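Listed after this line are the structures, all set down as structure tokens.
There are two complexes below, and they share chain A, which is joined by chain B in the first and by chain C in the second.
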Partner chain A sequence: MKLELRDVSYVYAPGTPFEVEALRGVSLVVEQGEVLGIVGGTGSGKSTLVQHMNLLLIPTSGDVLVDNVDARTLKKSDLRRRVGLVFQFPEAALFAPTVEEDVAFAPRQLGLGEAEVRERVIESLRAVGAGELSARSPFALSGGEKRRAAIAGVLAMKPEVLVLDEPTAGLDPATRRELLALILGLRQTGISVVLVSHDLDEVAEVADRICALHEGRVSATGTPAELFYTDPAQAPVTVRVASLLRASKPGIGTPVRFEETLQALRALQGG
Partner chain B sequence: MTSRTLGQFYPVASPVHALDPRAKILAAAVFVVGLFLVDSTVGLLFVAAALVALVGVSRIPAGTFVRFMRPVLFIIALTVFFQVLFSREGSTLIAWGYFEVHTGGLRLGFFLALRILLLVSSAGLLTATTAPVALADGIEDLLSPLKRVRFPAHEVAMMMTIALRFIPTLGQEAEKIRGAQAARGADFSEGGPLRRARSLVPVLVPLTVGAFRRADELAEAMESRGYRGGEGRTRYRELIFGKGDALALIVTVLILLVGILL
Partner chain C sequence: MQNPGEGTHRGGSLAVSCQKVSFSYPGSARPALSDVSFELSPGEYVGVVGPNGGGKSTLVRLLNGLLKPVSGRVLVSNHDPATEPFEVRKHLGVLFQNPENGLVAPFVEDDVAFGLENLGVPREEMQSRVAGAIRAVGLAGYERREPDTLSGGEKQRVALAGLLAVEPEILVLDEPTSMLDAAGRREVLEHLHALRSQKTVLHVTHHLEELTGADRILVLNGGELSADLEPERLLSDAELLRENRLMLPVLPRLALELGLPPAKLRTPEELAAAILAAAESGTRAR
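Let's turn to the complex of A and B:
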């Protein structure tokens, strides 16, 4: 499915001294089967933005469109299933006595039969590499295990778009790499992924396109190469290295991913 | 996320906000005690007018203040209902089987409703115009004479500060968890009261777990910064009870006296 935000603005607590304009006319498209990275500093509106994607927040003005249909006209439960949202620190919402039951929460809410629920629980726990955790209490897990269980809880809805808000924050490097691999795996099955992050290195590895937010506005959109090579000072380390070498060796091109960059460097060495 | 309710601090600059918290706490106490001594409707209306003026001076928008009152409307409605139903004073207005409405009942109902409204408003005005930390400092100072009889004034005030401080934090946390469960298809508005109560379990369990974790973290943070209780502890902001504060207190006493005499 195609998910589109058109000129979305959002104001917290309008008409009080606490009023905050979090989004100011944001427009963006998540195309079918792509990984869209959303980057921006703290307070740029990233987390507010993603909550509009399944209408947990209703825009103060502007529209959210699902396959060109106004999302407000869709059934809420249907929209929430199709756009799976994983909050920042999603492990804070684990609640059931066992991981299995926690992951089963969403599919049960969808009214699926027990057999189907069980199948989905096993499938989504396996997808996040947490199959062996199913009988454990979510409160007794490590941070990384909790995170996986929480993400499985959303995957179990079989969403068409998966929105991840800072999914790797506070994770160890190994778990982080596995999560990024999961994102690429999902993309291969046709699921779109929205990855919110302020870690440019990880966005560089998986994103097809990037949308940069600044103070509630979209400051730039484009492919990672387009975005990062216009301002190499604010780019992942691969781009910083390549752009420094480009001055004397233009043949290096504009690599972004680690593997790409490595190959480009090797080519330079060979040539 | 930011639905404001009774008792939340409303940060604007006003003469009421600027008063010493001790003056405001004492004035609120005088007000509450005084209200129970006011026994005429005219007196109560006079006090009400004074309170309305005070809310005006506090620069809290009237609409916001009225919204603060919403949670107590139910209690007021219930009180009025029972007064009207069970009072048999004065002439009969409606007689419908056992159900009779008398003028006395109506008058009493109105009187009690106004009294409750004023009680809650005065407390609401205190907490809306006083930052939680200032409020706790004021209470600590007012309770400190009791330290002689080993009353833990500082500890009580610290507990209050922490409780007040974490209300918005827990509120935000609850909102976030609610969002996360809603994203997993939880619906908090469907079904009967029992089903709705049950739908809150996925919110309340993690909220409680989180509160305990926070308490642990806070205790650790306080210890690591050398907190050892009230003994010999100084303050960043010293409270100064000035002439204006004394004046405010005297005016409050006078208003209540007039109300009682009317």
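Let's turn to the complex of A and C:
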């Protein structure tokens, strides 16, 4: 699926003294099978933006297009199945007595047969590395386990685009790494992933392209290398180190990910 | 139980004491905390790290009386949170992980005032404390904004302001910067750092770099206190880090992998200079 936002603006509380223009003419495309990182400071409009992707918020002006069709003409339930949105701290919405029941809730609403529902539950729990949690109560899980259970609940809808809003906030570094590996694994199956994060080091590891927001506008779009080497002061640590060496050692190239940066630096050290 | 001089730290008395504290969630076979003992002296800044499920959030809930220990004893400024939770909450304030859950009032300033309203503080003092706390977290000008229109990071700072306005002498911070961007994070950390001498702070985080200035770091893993040590010792103990699913931040990790001393290279500039120096000396040697 190709998901496109065209010139989208959104105003909170329009016509009141508390009017806030959260998005101002945002255009972007999520291509089939890519990981698109959305970065930007606190209050730049990231969360408002992603809620437009399945029309939880309706643009004040502008359009959302699914494969070049106006998303407003699609059935809402279809749109929300195809574009799965995982909110910040999604574990707050866990409610069923067992993890299995929780994950089964949404696919059951689709009117699928019980066998199909079971299969999807097992598959999506396995995808997030939480297969062993199925019989547990969601309330007795740790923060990282709850997060994975909540993501499984959205995956069970078999979305074509998975939108993750700050999925690693509050997770320990090892669990964070596992979640990033999950994102790369999903991409291989053809799902597009939109990753909203304030952590540039993390976005650098998985994004194919990045869209940077500033005060509700798109301030830059491009590959991680294009974006980060244009403004190394606002880049992840890997790029900041490499860009300092580029002046005297241009052979270092434009590494972004940790492993490729480490290799480039090692080559330099080796002479 | 009444104590003389309540509300202030007295010489020799502990801010927090945990003695052989254990806790299990109903229906869970594995204890969330087992036999955890430690003490915090007034004015100490202590970090808590460890994997998800290690017991960090359970500890926080035991400290403010949301949970009661199955065995062992917690004391906060000489009050037992299991029997006197409301007394304890005057002394110890908690900033929880998810800021969304805490915000209830129509405007930011009401939200910051919420905790104070139950303490019988005179109107004028309340206003000045609220204004001061909002300034302290860098949100001056946001007083009449609706919390619904704020970003996650801004909400987290509103919650921190609400906590500071109550002026507890012990602050427990459960991932206070997890939703903040680099600039917001620096701002909040600077503020927390400025409170150091006046407050006792227990700072739960996954970001080891936030704790380099702490007095001690507690490592909780599998419900057990697996270490209680100084930051430099933890950062230089690769095995202890690995055992507890802790990871060094990118900069020291790059330095370590390149065979350079991580503790001495604290900025990208310092690391780049060290790499260049190593490359030059390698070239000359040949």
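One rule holds in what follows: the second predicted complex is superposed on the first by the 269 of 271 C-alpha atoms of A that agree within 3 Å, B and C clash if a C-alpha of one lies under 4 Å from a C-alpha of the other, contacts with A are read in each partner's own complex, and residues count from 1 in each chain.
Keep this in mind: a contact is a pair of C-beta atoms (placed from the backbone, for glycine too) under 8 Å apart; a residue touches a chain by one contact, two chains touch by 3 or more.
Everything numeric here is computed off the predicted structure, so don't read it as measured data.
After superposition onto chain A, the modelled positions of chain B and chain C overlap sterically. In the overlay built on the shared chain, the residue A:228 is in contact with neither chain B nor chain C.
Of the two partner chains placed by superposition, chain B and chain C are both touched by A:92.
In the superposition on chain A, contact is made by A:143 with chain C only, not with chain B. Residue contacts after overlaying the shared chain place A:153 against chain B, while chain C stays out of touching range.
Taking chain A as the reference, the larger set of touched residues comes from C, when chain B and chain C are compared. In the overlay built on the shared chain, the residue A:13 is in contact with chain B and with chain C. In the superposed model, A:244 lies in contact with chain C only, and not with chain B. Under the contact criterion defined above, the residues of chain A that touch both chain B in one complex and chain C in the other are 12-13, 18, 92, 139. Partner chain C is touched in their complex by these residues of chain A: 12-13, 18, 20, 22, 40-44, 46-47, 88-89, 92, 137, 139-145, 166, 169-177, 198, 200-201, 236-238, 240-241, 244-245, 248-249, 258, 261-262, 265-266, 268-271.
Those residues of chain A that touch chain B in the complex are listed here as 12-13, 16-18, 51, 54, 56, 76-77, 80-81, 84-87, 90, 92-96, 105-106, 109-110, 139, 153-154, 157. By the touch criterion given at the top, residues 1-2, 4, 10-12, 64, 173, 176-177, 179-187, 201-203, 205-206, 209-210 of chain B touch chain A in their complex. Residues 25-28, 50-54, 57, 97-98, 100-101, 144-146, 148-154, 175, 178-184, 206, 245-247, 249-251, 253-254, 257-258, 268-269, 271-272, 275-276, 278-279, 282-283, 286 of chain C are the ones that touch chain A when the two sit in their complex.
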